[in-house]
Amino acid sequence: MSGVVRADRAIAAVAQAAAEQGFAVAITVVDTAGVLVAFRRMDGCMVGPVDVSQKKARTAALFGMDSTDFGQVAQPGGAIYSIEHTNGGLISFGGGVTLRDADTLVGAIGVAGATTDADETLARAGAQAY
Amino acid sequence: MSGVVRADRAIAAVAQAAAEQGFAVAITVVDTAGVLVAFRRMDGCMVGPVDVSQKKARTAALFGMDSTDFGQVAQPGGAIYSIEHTNGGLISFGGGVTLRDADTLVGAIGVAGATTDADETLARAGAQAY
Amino acid sequence: MSGVVRADRAIAAVAQAAAEQGFAVAITVVDTAGVLVAFRRMDGCMVGPVDVSQKKARTAALFGMDSTDFGQVAQPGGAIYSIEHTNGGLISFGGGVTLRDADTLVGAIGVAGATTDADETLARAGAQAY
Amino acid sequence: MSGVVRADRAIAAVAQAAAEQGFAVAITVVDTAGVLVAFRRMDGCMVGPVDVSQKKARTAALFGMDSTDFGQVAQPGGAIYSIEHTNGGLISFGGGVTLRDADTLVGAIGVAGATTDADETLARAGAQAY
């Protein structure tokens, strides 16, 4: 199936779940190079989460690792502290989730604008729907 | 009607028209601050047009002026030459079109990846569908 | 054959031809997203061409178009003047050449540090050897 | 011996050792100004390590100090915390190693994409082969 059709399906799933929970979020899908494939900012979502959702998605895509796992090690005191300053700025908390075809990394989805826990759950729902 | 629903409708209209013409384009909708509302990169669209479509939409939104009109004056020899280097880089050719509610500017749509003429026509079709 | 092996072979071909002509150049190979695959700066090459060779390669890769053709239209007075300010800065003269597998774009090679004509010829030799 | 020939030899040594260990890494050699001399991204290496390997090499070159030593002091609580935000972003963990001629600093090598320990060991092997 077309990549952008799958991306839109993932975004629609996130948007619906977010609306049901009363959140207005920004949702980004990128390819393995971190380049934008599709994006949606729900009505009522502030401006800040637009960039955050993109950086979450980029973090997961560029390292093949969910941003919440990345955050375990890219923290002051962590094994790879300072890596978060590379690649234009990366994110060390939940909401960026890899997208895979079977085991092959094909990109990532990033969600921002709700709580960190909800962003993470929503991103996982999006990855599921992809 | 919801802004993002209208943005998605505009993007869908552009994507369908582009597909019929055999083009794979990048399509950006931004608000009046030039911040992303919705985005889609069609399968087969190269990476370069991703940024170009965003800068076209930003150009139209930030100055309330279609990018093709902007290009009449923002050129070497033009009345406001050099303004195209502001705001992170603006675009002096067609494909960025303002979105209005009656007469009120509400954002802009940018299309890149086809020919300049086709980008412009597609963006106008998107603005119509918005 | 491995992508990076082919990239190294292209770079070696450019470096040998440049040395024979008495030039010290910077040579960049990127993928279709414009991300670095391989790079070599010959002894005696100044610092400036390092970035120029990368932007030449990115220009060709991101738009699927040799930088010399790009330069026909991305000039003051050209149909897409100002596009050279997108994507972090693009190059409007020779020395960036697309790399293809049959008809499929797989990346690009950029050469800088000689004359523009020699850069262009060297980049074409590199694309041939790829 | 030519600087770039030595750089290529170092990169080849790292690539061979990494392949034997089952890693696909990005390898950067820079001069004392932190400017690229040679680079190779092995097949299968993700995009994120490309920038990380460059920042590791820059860190070591710009301060004449391996990135793992730099990380002892350039951490929250460390003596020069915040210096890692200078020079476009520096790296506070292993994988960036200085290159010297006798005692004279001539540049640095950076490796990223394996584990931090393996990156560090590979970079030292590269410095040895230089």
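All chains are identified by letter, namely A, B, C and D, in their written order; residue positions are counted from 1 within each chain.
By definition in this document, contacts are C-beta pairs under 8 Å (C-beta built on N, C-alpha and C of every residue); 3 or more make two chains touch, one makes a residue touch a chain.
Everything quoted here is computed from the prediction, not taken from an experiment.
*Asks:* Where are there more C-beta contacts: A-C or B-C?
*Replies:* B-C
*Asks:* Distance between subunit B and subunit D based on Cα centroids, please, to the nearest Å.
*Replies:* 41
*Asks:* Where the CA atoms of subunit A average out and where those of subunit C average out, how many Å apart are those spots?
*Replies:* Here the centre of subunit C sits 33 Å away from the centre of subunit A.
*Asks:* Using CA atom averages as chain centres, what separation in Å is found between subunit C and subunit D?
*Replies:* About 25 Å separates the centre of subunit C from that of subunit D.
*Asks:* So how far apart, in whole Å, are subunit B and subunit C when each is placed at the average of its C-alpha atoms?
*Replies:* So the centroids are 29 Å from each other.
*Asks:* Could you list which residues of subunit C touch at least two other chains?
*Replies:* 33, 35
*Asks:* Could you draw the chains as nodes, link the ones that touch, and say if you get a line, ring, star, complete or other?
*Replies:* Graph shape, chains as nodes and touching pairs as edges: none of the named types, so other.
*Asks:* Which residues of subunit C touch subunit B in the complex?
*Replies:* Where subunit C meets subunit B, its residues are 32-34, 61-64, 76-77, 79-83, 85-87, 105.
*Asks:* So in the complex, the part of subunit D that touches subunit C is made up of which residues?
*Replies:* Touching subunit C from subunit D are residues 2-4, 7-8, 33, 35-43, 47, 50.
*Asks:* Which of the residues in subunit C come into contact with subunit A in the complex?
*Replies:* Contacts found on subunit C: 31, 33, 35.
*Asks:* Looking at the complex, which residues from subunit B come into contact with subunit C?
*Replies:* Interface residues on the subunit B side: 46-49, 51-52, 55, 71, 74-77, 84-85, 89-93, 116.
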